[in-house]
């Protein structure tokens, strides 16, 4: 680390002579040790998944959820310092509810990502605070259905509102990843945490930008990717946690929910099988090497 | 221990992404005397070893009842625990008034977790120097949570924190699969035995230095709660006797195993 | 219509602005391509017509407009605040605000300040995603989505007219005829309504104003005037 000893990395909000904020870079280091988190943007919904490392046998299995619901249609998962993640989620919920009280409608995923990006960025500006030690993935589905204004009475004309334009942009999936600097991008497939490199490589194989991956198939892929990304820390046990949001006519009816246990188990079973398959291949590969 | 440039406050990350002040706060937990918590399907129990400053002084309070349905055990700075427990008492009361039901254990633990997180991100504050085990029962059954100075909270089946707590944890891990179906009495025994593992050799559990809290689902009626009961002083005597009797009467297997652990 | 009901203050000179009421007739309807808003143009202070060609249709965003009734000062202030929020929304987000967004904002303001406001609003707007929509926010601050809405003192006289002649999914020509017909009746029977008839038609093509003059029997000059 070239930064150490120069003194420019001891305080947040301070630029080094070459224009870097080292405290933010160090916060990223905290993220890089966190459990792998991924998000996938499918044709008809989004999926969030995370690898929850079991740090103690005494932890209650199935408890301690890491994926949070922020508004009915939006979920958040983060890698890095877990308490920072909870702070982030709590802010996200405040933003979603403040939007609702102003506009009487759910916040679009994009707008939420923007507001949270600004919030996280503010923690890079002052020496009296430290940056967030997390990278968060925010995913949701902006409804494509006709929605009422919260609290409205009546439905307007029975024949429906006139003059609608066919194919006018309506809702859809949204997936964003927010870094400790406050920087955020929209993603087809997002990965962060310890196994992000492996996870990214797998995500890239999926051709997500074509927008053809079905939600159920995405669940299987997400589970498999978490298992692949876990390979490097094989010695540690982990729990897979997954959630999804579909369109209004999909399985979750536009809501952010935990993936049902039956589907989760099926996805895990397939993921393990796929891993075994890979092990055999690599096993034979080593055999060949030995022959050489 | 050596100082480094990155351990002055909680708002500075080290180049490895660590926050030393928070880690040091966790050390304060390890200075506190040991506390143990276990949850079964019907009950949760907290057990603590109390310390006295000198022979003639009183023993430090280790277990605090917060509301009828839950309490906590602390390890570390007792005054920090008092701040947190006062906060929890207020929150529990407010929740009861607003919603007309006991606050869910997870909810109250999240609240103190969020509060503790804030003090790891703002220069004007310092992290809490205390670890807590929060045990209680709510509409979804008995729960046990661990709280750390970092703001991390986790739901556990069993847990031990404080000085020499590793030995207690080893005991807990070894008996882990028995806890779920344990009766109230069995759970208390396990708690006391786990605590005993962590005692230094010249010490033993007495009515003076042991403290115990239990709550659970009451047998009669639906959703009935057994009020958080604190056993302190003479009241704990029979419980100690029952637990220690069985451990001594029990086959040497357990004693043998723990000796192995010691080596 | 803006009239003063409290009228002159104790000095006999100054008008109490709190009592300048827009008590007139206005309405908004949905039709097959969007929405139409309409209003009379009379503003009175007592018996005197202070302005006979007032424009009571207020734009709060490109194709979101409103009809104001109640206190002129209050409704203008509320419309200004909403206009600010919608403008901000428009520049902050790719997709502009919808009529629902505007209605939500109006309602929040009207409900939260119900004790201090005298404001009845009709909000009508068009956006590609939701088509044309009409919302009514009466005095207490409740929000109603309606096929059409009428407001102001003059509306009392046209409930029957509107009920008999209303049809869902009218053509533009039919819609204009309906609004104009209703407003003419209100002007005929309500003492505090009068002057010209102003309309705004909101469709995919944007906002188009219409003007109809009494001396031309409310037949012209029509579109774009």
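As written, the chain order gives the labels A, B and C, with residue 1 at the start of each chain.
What we mean here is this: contacts are C-beta pairs under 8 Å (C-beta built on N, C-alpha and C of every residue); 3 or more make two chains touch, one makes a residue touch a chain.
Since we're looking at a predicted model, the values are computed, not measured.
In this assembly, the chain whose C-alpha centre lies farthest from chain C is B. Legend note: the chain whose CA centroid lies nearest the centroid of all displayed protein CA atoms is A.
In this assembly, the C-alpha centroid of chain A lies 46 Å from the C-alpha centroid of chain C.
Between chain B and chain C the centroid-to-centroid distance comes to 65 Å (mean Cα coordinates, whole Å).
Here the CA centre of chain A is 33 Å from the CA centre of chain B. Multi-chain contact residues, meaning those touching two or more other chains, do not occur anywhere in chain C.
Residues of chain A touching chain C in their complex: 101-105, 108, 110-111, 146-165, 168-170. Residues 30-35, 85, 92-95, 100-101, 103-105, 107-108, 126, 128-135, 142-147, 168-169, 203-204 of chain C touch chain A in their complex.
Those residues of chain A whose C-beta lies close enough to touch chain B in the complex are 1, 3-4, 9-12, 22-23, 26-33, 56-60, 63-64, 81-84, 86-87, 90, 123, 127-131, 133. For chain B in complex with chain A, the touching residues are 5-6, 10-19, 39, 110, 113-114, 116-118, 120-124, 144, 150-152, 154-159, 169, 172-173, 176.
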